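Consider the two complexes below, in which subunit A is the common component and subunit B and subunit C are the respective partners.
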Partner chain A sequence: MNSRIGYVAFNTFREAVRDRVLYNLIAFAVLLSGAAVLVGEISIDIERLVVVNLGLTAVSLFGVVIAIFMGIGLVSKEIEKRTLYTVLSRPLRRWEFVVGKFFGLTGTLIVNTLFMAIGVFLALLYVAHKFSPADLWVLVALYFIVLEFLIVCALALFFSSFSTPVMSALFTFALFVIGSLAEDLRGFAQLTLGAAGALATGIAYVVPNFSALNIINEAAHGDPVPGRLILYNTAYALLYSAMTISGAVLIFQRRNLK
Partner chain B sequence: MRPAKRVNVAAAVVLAISLAGAVKMLFAIERVQLRPEAQQALYIRSPKVLRRLSLGYTGLLADIYWTRAVQYFGAQHHRGSGDYRLLAPLLRVATELDPHLLPPYQFGANFLGPQPPNGAGLPGDALALLKYGIRYNPDQWRLYYNLGFLYYTEFKDYAKAAETFERGAQLPVTNKFMPVLAARMAQHAGEFDTARMLWYTTYQSTKEAAIRENAVAHLRALQVDEEVTRLEEVVEKYRQQTGHLPASMGDLERAGFIHGTPVDPTGHAYKLMPSGRIEVDDPQRILFITKGLSPGMASPVPKPVSGPDTK
Partner chain C sequence: MAAIEILDLEKTYHVGFWRKRPKQALRPLRLTIEEGEVFGFLGPNGAGKTTTLKLLMGLASPTAGTARILGMDIDDPEVKAKIGFLPEQPYFYDYLTGRELLTYYAQLSGVAAKERSKRVEAMLERFGLSDSAGVQLRKYSKGMLQRVGLAQAILHDPKVVFLDEPMSGLDPMGRREVREMIQEMRNEGKTVFFSTHILSDAEALCDRVAIIHQGELRGVGAVAQLTSQTQGRVEIIFCAQTVPAALTALGVEARVSGDMVNAVVEEQKQDAALEILRREGIRLISLTPVRSSLEEYYIEKLRARGNGKGAGA
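And then the complex of A and B:
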């Protein structure tokens, strides 16, 4: 990685830590340990399911919220504080600034997810007293969640490159909801005929597909995940993020910052 | 080329290649199925829980669940899978979220009641659905009509059908056929006329093309069943008069029992078999007929279409 991009990325990460973003880990720890202890008391034989379902859902939702609310402010905050002018007056290109911000934000989320993953596995150990081969799929599900974050970060950054923070948050959240229902959307598109069908199919394939990245239910039941899916989802997330960041770069290059 | 322009071109190229690659990956992902049945799961079956989760937007959620029920029934019917286990729960959720949403009762009962492949073969669930609908919408004659129809077609319970049509007939806003249907059920006679009137009322009371087509197909089948019955009675009369069976339709015509060659609704002449039975020329062209078939042949029903998603 270009050292200038690395510098922007590191500073973005440092700023996130300074903004106490990682404090969400406390809430996560309380939620998960509470669930692990409580479910054993009030239910029968679903402790592991609850820990996996609740743990992975929390990792996903906490991360998406962080990605959206940090991502939308990455550009606008720099403009508001007028620090962007200082940054861009140095030998740093605009595209390097955008890409560096993206890596900084995803880095923050990866570190955050790493801590949460440790929490999930500790809770699993608490309820099952040992690890099992099925726990490997929990790891795969966590990996898919990280891929999900890559796309959400890229989207938030894309919208923040030309819109206000509030509108960027709305757009990103709306695309997250639509993308989570992508399979239903494609199902409806298949059942629609004519021009409306072609339009619906086009939209269904262009919006981000978060549903394929959500295997929380399968991981909870210990269902194996085909290696091909891991490969395809990885390629998909990287390509979709690259596409969105390219769009952000194109817009930011032309943006009048005066 | 200026550095800024170079960046723009590079970004545009990356964007185009990534978009194409992402769509290609999506096609590949679609081919990897984890658990097919997981796609058809109904995660929340409790209308009470859904009511809370909907934050008060129960009407919209009921619409969504009714749409899901339609899509589910359509997809299962299209595949010819015969597995409709989620249909009743989907309809129950939709109607409990919004008890005044009428389509799930009217059409849902049509999905649930008939035996596969025309329906889910769950007349008990259809009955429960319509009774629930009437409890919350006691002034809707269509629900009484649907319930009476269900008693008549699936349960052959003429007394209950008569009572239901009678209750529907007494509503301030009703259909002119309701009292007639009630009377016919009570008499338990005139099977063809009654069935014709039921299907005619179905045809009249809906704008849905699929339901109307189904009603037309049943009306056509009733016509064939009635004509075959009548022609076989004529053959029997001929045999009683002459002591032998007619060799052809011409014999019946010459003896003055019929005028011209009788044809079915598709324009093909009815066939007189050596045993004296009447058969239609091509049974597959006339759905739902119960008469005029070769011995042992089942009543023809619409064939499920195997879609590309059928595995």
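And then the complex of A and C:
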């Protein structure tokens, strides 16, 4: 990685940590330990199912909320507060700034997810008293959640390169919701004919396919994940985020700072 | 060699809901600033000073024209390593300490790793920030932030420094500090281009000034030359509590302040005025020719609408 991108990424990460972004881990820990104790009391044999489902859903939601709210401010806040003036008047290219910001944000989310993953496995150990081979699929589900964060971060950054923070949050959240229903949308498109069908197909393939990245239910049931899906999802998430970041760079490159 | 060459730089923004209404923020601007000069870019708020600086820094793209800094095109990334910039009322990353911020900027400016820490510490020392170097910037006062701003602008030892309203919002002590720092930059041989609407600062610091108003260059001139021109009048200060009637009859403009009178008279009537004072036994304190001030030049240029063509570097 270009060293200037690394400096921007590290600075973004450091500012996020000092801005108490990782405080969400406290809320996560309280939620998960409460749930683990509760299911341990009231359920028989479904403790693992409940802990994995609840834990991974919380990891995903907490992360998406952070990705959106940090992502939308990454560029616009720097323009608004004019911190960008002293940064871009240095030998730093605009694309390096955007890519550095992206890496800084995803780095923050990966660290956040690591802590949450430890929490999920501790809760699993608490309810099941031991780890099982099926827990490997929980790790894969967590990896898919990280891929999901890559796309959400890229989208938030893309919208914030030309829109206001509120609108960027709305657009990103809307795409996250639509993307989570992408498989249903594709099914609907296949059943629809004519112009409406073409439009639905177009939308279904343009919006990010978050439903393919969601294997929380399968992981909770201990169902194995095919290696091919891991490969496809990795390639899809990397390509989708790279294209979105390229779009953000193209827009930001031409932007006049107010 | 010219440090800065602005070659018909022009900026038009499109405003309104559909962005159809053009607003010319900067009319074609042509200006040359020599190496080692302290150059003041003067104009009222909204005159186009910040727009010009943004275009030179690559923060906005020009509608037409170009500029060269140290012979390099402003689009050349290399040029950024040789310039320093302090924006108006700078804002920095709240959660970084003064030392961390300067280190970050040193990294981005390409200061070699082994030299970085030495350079940062030297800047902290020079700007009196060593004691607060470990404190987060959100706890800094406005004056301290301005000092951090100046430190980051010259941290990488640039040859040309751009300062946008560097004295804006500072108390008298802060303004004095900034003035001294600009003097130091001049002594180090740096070219300083700074925008301001505080004329006394420009008069005290600049070799030359340019006046801009409504996006149009109204005049350029050397400060020493502008302020050395006499106006054909003299100022006489003498001890008295009233203005002698004979002086009033001479057409003197006088102002009484306690036991002193400050009178301004045309040069050819100077001897007659002094004779009146001698005759009345009044003690003379001083007699000085009235010189043009930068303020008068500024006002004259601001009033001269559409007179940018006569301006030249």
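Here is the rule we go by: the second predicted complex is superposed on the first by the 257 of 258 C-alpha atoms of A that agree within 3 Å, B and C clash if a C-alpha of one lies under 4 Å from a C-alpha of the other, contacts with A are read in each partner's own complex, and residues count from 1 in each chain.
In this section, contacts are C-beta pairs under 8 Å (C-beta built on N, C-alpha and C of every residue); 3 or more make two chains touch, one makes a residue touch a chain.
Bear in mind that the values here come from a model prediction, so they are computed numbers and not experimental data.
In the superposition on chain A, A:R93 makes contact with both subunit B and subunit C. Set against each other, subunit B and subunit C differ in how many residues of subunit A they touch, and the higher count belongs to B. By the touch criterion defined above, A:T83 reaches subunit C but does not reach subunit B. In the superposition on chain A, A:I215 makes contact with subunit B only, not with subunit C. Within the superposed three-chain model, A:N256 lies in touch with subunit C and out of touch with subunit B [touch as defined at top].
Residue overlap on subunit A between the subunit B contacts of one complex and the subunit C contacts of the other covers 93, 254. Within the complex, the subunit A residues that touch subunit B are 93-95, 183, 186-188, 190-191, 205-206, 209, 212, 215, 217-218, 223, 225-226, 228-229, 232-233, 235-236, 239-240, 242-243, 246-247, 249-250, 253-254.
Residue ranges of subunit A in contact with subunit C, taken from their complex: 3-4, 7-8, 11, 14-15, 18-19, 81-93, 254, 256-257.
Subunit B contributes residues 3-4, 7-8, 11-12, 14-15, 18-19, 21-23, 25-26, 28-30, 32, 34-35, 38-39, 71, 74, 309 to its touches with subunit A in the complex. For subunit C in complex with subunit A, the touching residues are 13, 54, 57-61, 77-78, 80-81, 83-87, 90-93, 95-96, 100, 104-105, 107-110, 136, 149, 152-153, 162.
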